[in-house]
Each structure stands twice: as C-alpha cells, then as structure tokens.
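Both of the next two complexes hold chain A, though its partner changes from chain B to chain C.
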Partner chain A sequence: MVDKGPVISLCRSLLRAGHQYPDYNIREYAKRRTLEGFRMNKNLTDHSKVEEAYAEGKKQLEVVERVVKVYLAYPPRTKNIMELKLQ
Partner chain B sequence: MASKAIFSTLRRSLTKPHGGAVSRRHHLSTTSAATASEPYPGDEHAIVMKGVRISGRPLYLDMQSTTPLDPRVFDAMNASSIYDYGNPHSRTHLYGWEAENAVEVARIQVAKLIGASPKEIVFLSGATEANNTVVKGVMHFYKDKKRHVITTQTEHKCVLDSCRHLQQEGFEVTYLPVRTDGLVDLEMLREAIRPDTGLVSVMAVNNEIGVVQPMEEIGRICKEHKIPFHTDAAQAIGKIPVDVEKWNVSFMSMSGHKIYGPKGVGAMYVRRRPRVRLEPLMNGGGQERGLRSGTLATQQVVGFGVACELAMKEMEYDEKWIKRLQERLLNGVREKLDGVVVNGSLESRYAGNLNLSFAYVEGESLLMGLKEVAVSSGSACTSASLEPSYVLRALGVDEDMAHTSIRFGIGRFTTEEEIDKAVELTVKQVEKLREMSPLYEMVKEGIDIKNIQWSQH
Partner chain C sequence: MASLSATSLSFKAPSIQSTRISQSISFGRFQSSKSLRLQISCAAKPETVQKVSDIVKEQLALSADTALTAESKFSALGADSLDTVEIVMALEEKFNISVEEADAQNITTIQEAADLIEDLVQKKPAA
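So, the complex of A and B:
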C-alpha cells in the first residue's frame, strides 16, 4: 500500500519535471495532465490499483525526465506569442 | 588549454537556459521595409518571413493538417531508432528478430485501437498511400465483374484523384452529393448501388468541416448488398470510438501524424473474414502479406503504435477537454460577432474541428490579419486560382461565405488561454474589416443585399 507521502512527492516531481519543457503547449499539457491524473485516482481504495497507478506515475516520471533533457539540448528557435504576452 | 576555454564560451553562448528562447533581431530588408508597420514596444522577438512580420511564434490551431509529436511518442521512437536498426524482415539474426518484435508490438497497439486483429493491419507510408492502394487495388482485382465505385463529393483529394484515375481507365464513379449539413443521404446511397458496384468509400470524419458520417448505417447498407466498404479514418482514429466490427468496414486508412505520431507512416486495415482481395500497389519481396512490399521504417512504425496506444488511453480525457475548448471558442466568437456560420452539422461533428464562415468579410484580408494564429482557410486563396474549397461548394455554401471560412483545429495540447487569444484576435480582425465594409453598412441599415439592382457603369 502506497502512503500519501510518496504519492504527493511523485506528483511534485512530475510537476517540477514537466515545468522544464521549453515548448509552451507541451509544458501546459504536462501540468494539466499530471494534476488530472492524480485527481482521477484520488479516491482509489483497491490496493493493487493504487500500486498500479503509482507504478504508472513513476514510469511517466522517467519518460518526462529523459525527454526534457533531449528537448533542452536543442535550444528553441523563437518565443511563442503566448509567452510574450504573459511577460 | 586555450581551445578548451574558447569551446566552453562558445557552448555557453549557444545553449540558453531553459524557457529562454534564442532571440533574433531581424533587420528589415528593403523590400519588406516598404510593407512593414512601425515596430511596437517589446518587438525584439519579431520574426520576419515571406514579407510578413509577426511578434512571435503563432499559436497553433491547425490540428487537422498535422499535429505536434507527443513527447511520449518521441521517447519511444528515440529508443527504437538507436537499437532497433535491424531489418524487420531479416529472419536469420537477433537484429532482425528485435526489429520484427518492435513492429509486431506496434501492430497489436494499432489493432486494439480499432477493434481489429493484428493480422489485418498493413503498415505503409500514410493515409494517402492506403487510400490509393485500396481504391485502385480493389477495383483492379475485381475489374472483370465490378466496374462501379461510389464515393462522396467531400472525400479527401487522394480518394477523389484515385477515382478520377479509375475513370480514365474506364471504370464508372458516382460522386454522391451531401446535404447542407455535410452528411451523406442514405437514400441516395441506396439508389446509387448497382449490381456491378465494387467499392463504397466514405470518410469517417471530414478533414475540412469535421462532420462525422453515419458509419454504422452505411456499413449496414453495404453489408446488405455485399459491397466492400472503405473508409478514410485518418481524422477519426483516436478521436472518436472506432470499431471495424460495428461499422462493418472492409478497409480503413489510418495516418500517423494526425494522432500526435510521426509523419511518413500510416496503416491500412484489410479485413480477413469475410476475405476481401486487393491488388498491391507496391510490388516486391511480398512483405506485409504481399500487400505492401518494402522494408518497414521500424522507428516510425513504433512511434505510430505508441501514438495509437496513447490515443486509446487518453481518448476520454482529450474528448472532454477539446469539447470544452470548442464551446469556449464558439461562444466567445458568437458573443461578440453576428453573422457567424458554422459549416457542417454541429451535432454530428468531431469537437476539435470548427469551420466558421464570417459574413460580409473578405477572406484573404481576414487571413492576412490573423497572422498570429496558425489556422487554415476553407478556400484555396493561397493558390493561383481563387477557387473556394470543393468541400464547402458541395455543402452548398455561397461563394462569398466559402471564401471567408476559417478552420480552427483544437487538439490535446491546446490551452484555454490560446483559445481566448484566438477569439480576441479573430473578433478584432473581423470587426476591423466589417467597419471598413460598405456592404456591412448597408446590411445594418436593413437593405437586403440579394435584392439590390446594381447599376452598370
């Protein structure tokens, strides 16, 4: 059974990793999808399902961390209009 | 030692910290200086391309033409590119076996999305190739007995062009008209069927107007008359629930780059029970059940498979999100503007495709003003002939409305702020153009434009 602590820490790691995407759309999607993913599974009571969801989250964290490194290795070309207006 | 210092400073200047874009100052050339307006504050990131100046990268609302690559798909493709370089058709060594495994895994992922068996999936270079293969291949195989093809007027260009090619070879093609809401009339389909009809081809979701055809009913009609049913589902898979059994399709074309996968890959579903035969377009070593010879691009196929799996998992969430954004866009535009027409049925529609026509506005000037939003127009304004799109013409839309149509494509990665910004820019541009339009003035005064007697000079 996974406790609340590791789950919250996983959510925080995913959000922090997703925040590093240089592309505006993917960055926003990562944040939105992570929060939705955790929100959807918030009321799970079945132990095996909770373990499954946690393992899935850990796998996604690996993917995000790996992919972000590659995305950052190629510097983005131009700033998105949405990023300019937010400034 | 000194070279190391030089290289490290070079590296530091070339790679920027995260979130920071490489800002470029573009000096206006003499040709664009004549057309450029004075720079407004905060314009250091301006891009000047093709004589147009935009303040930054436009927001992407053209998901029907192509979609960005999902990072999870990118991740899977990377791993595959590095390690699965063997030829999947090499039977004799580990490299071939590993590549073949990767392709078979992708095949299962694609098959699951559409409710088919993996043995019925053939990978090729895209939906265009699949459409060509099916339309020409089926008719060529049955050319002695079957000489007639039924399709609709709103099909994708590749299907229409393949049918025209068949017409030149001597086959007969019926192009079914559509109703004003874009849907096929089932009675007309029934009437058009002849004893020598060899294929019925109707696309599931239209790429220009986004209407969803009544696939189950058409499938039932085709099953009654025992005619193979082909559908171009490039815009449909991963977006609406697709089931080859429920729809009773014999052939289906799928494309990778419409579901956040890579470009250059697609798949064709060819039913095995009851068996339908077709002549291959690509002859060679007999790969892919003899239907498409040639070495498969393993990492493209792997990317396509992962994209299909993701689409299946995310379909519910994406659908909710996209529906929400579509309503926000439509309501936002309708609140501020009148004379906004949605092309195609609003009920039987895929939410991510919104094709709007703005009355009393000239299409090309509207597009020129919307340079900060990447959208597509419904007419071939940008081509040499100012012909409006054939799809809108088939719907019976007037020429002037067809010219001002804009197709907004909403996808998985679109944000609410982008929609708000698109609404703001569109409304501003349309209002600006309408203010300058004498036609709009007359309409506001109550004059009916259609009944004006224009005097000849």
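So, the complex of A and C:
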C-alpha cells in the first residue's frame, strides 16, 4: 500500500523533471498532465488501483527523464511567443 | 504607519526579474537601497509575503479581495496536498530557488513559505 508521502514525492519529481524541457509546449503539457493525472486519481481507495497508478507514475517519470535528454540535445533556437512577457 | 524612505527603493532584489516593477512601501524597516543581497532580516520582508500571497491566490483561484494574512494556512484556504505541491513549484519557478523535499513538507502557512524563500535566496550566491 502506497502512502501519501511517496505519492507527493512522485508528483514533485514529475513536475521537476517536466520543468527541464527547453520546449514550451511539452513543458506545459508535462505540468498539466501530471497535475491532471494525480487529481484524477486523488480519491482512489482500492489498494491495487493505487499501486497500479503509482507504478504508472513511476514509469512515466522514467520516460520524461529520458526524453528530456533528447530535447536538451536540440534546444529550440527562439523563444516561443507564449513565453514572452506582455509588452 | 507607512513611511516612504527618502531614497527610492530601487528593487534589485536578490532574486531575478530585474524588469519587474514592484511598488513597496517600507513599513518603517531599515532597508538598504543598494544591492539587497546580504539582507539580514529576522522575518520575511513584506514584499516577499505579498508575492507569495499573490501566487497562492492565483493557484487556488481565490477572489481578489480575499483577505490573506501571513498566518493563513494553505489547508484553511481550501488547498489539498496536491495544491500545496503546485504552489511550492510555482514559488520555485518565480523565485528561481530549489526547495528540498523535507522543507517542502513543512510549509503550511504563507509566512513559513516566505521565510523559507528568503532563506534560500540569501544562501544562493546571487549571480
């Protein structure tokens, strides 16, 4: 049975990892998707489902970390317009 | 009792955004208007608390006139643990700091968050 602590840890790790993307689009997506995913499963009570969700989260964390490396190899040359401050 | 110091408080805060325009009224505290890097203050500056409050309001989608004191607890404002994680991430981003796991677990009020931020910003060698 997974407790709240590790779950929150996992959430934080995913958010941190997603924050490293140089590309605006996937960065925002990672943030949005992790929060959505965790919120969706917030009220699960069934132990096996909780385990399942936690395992999936860990898998995604690996994916994110791997893909971040790829993205960092080819950083975008210009800033996305969404990132520019309003003049 | 707000007193405007004679020297204009040019706000080159130890953190970042130099394009930020923030208006701060010094509440009678002595703040050196030069580079605020080695700020020795016991509690968090009101400006920091204000910034933290703004971020919290935004994240929790509170109305603009909700009274937020420094002692407001996140849970009292309707934030669950996920919201707290989100708030801490937003603060990390805003102030360009990195909060440890253990520290993050202990943040429950706005004042605590502001104190921690000040602490981290001071420790971090301002680039």
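We take it that the second predicted complex is superposed on the first by the 85 of 87 C-alpha atoms of A that agree within 3 Å, B and C clash if a C-alpha of one lies under 4 Å from a C-alpha of the other, contacts with A are read in each partner's own complex, and residues count from 1 in each chain.
FYI, a contact is a pair of C-beta atoms (placed from the backbone, for glycine too) under 8 Å apart; a residue touches a chain by one contact, two chains touch by 3 or more.
Values in this document were obtained by computation on a predicted structure and should not be read as measured data.
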Inset, instruction - Answer with clash or fit: chain B and chain C placed together on chain A by superposition. - result: fit
Legend entry - After the two structures are overlaid on chain A, angle v-u-w for chain B, chain A, chain C in degrees (C-alpha centres, nearest 10): 120
Inset, instruction - Return first, second, both or neither, reflecting whether A:Val67 touches chain B, chain C, both chains, or no partner chain. - result: first
Inset, instruction - Figure out whether A:Phe38 sits in contact with chain B (first) or chain C (second), or with both, or with neither. - result: second
Inset, instruction - For A:Pro75, decide between first (touching chain B), second (touching chain C), both and neither. - result: first
Legend entry - Comparing the two partners chain B and chain C, which touches a greater set of residues in chain A: B
Inset, instruction - Have a look at where A:Val50 lands relative to chain B and chain C in the superposition and call it first, second, both or neither. - result: neither
Inset, instruction - Return first, second, both or neither, reflecting whether A:Val2 touches chain B, chain C, both chains, or no partner chain. - result: neither
Legend entry - Lowest C-alpha to C-alpha distance for chain C against chain B (Å): 11
Legend entry - Doubly contacted residues of chain A, that is, touched by chain B and again by chain C: 85
Inset, instruction - Over in the complex, which chain B residues touch chain A? Could you list them? - result: 14-16, 18-19, 21-24, 42, 45, 47, 54-60, 68, 71-72, 74-75, 78, 317, 372, 412-415, 417-418, 421
Inset, instruction - Provide the residue numbers of chain A that touch chain C in the complex, in ascending order. - result: 4-5, 8-9, 11-12, 15-16, 19, 31, 35, 38-39, 42, 85
Inset, instruction - State the interface residues of chain A toward chain B in the complex, per the touch definition above. - result: 20-26, 28-30, 32-33, 36, 60, 63-64, 66-67, 70-73, 75-85, 87
Inset, instruction - Would you tell me which residues of chain C are touching chain A in their complex? - result: 19, 80-82, 85-86, 88-89, 93, 101, 104-105
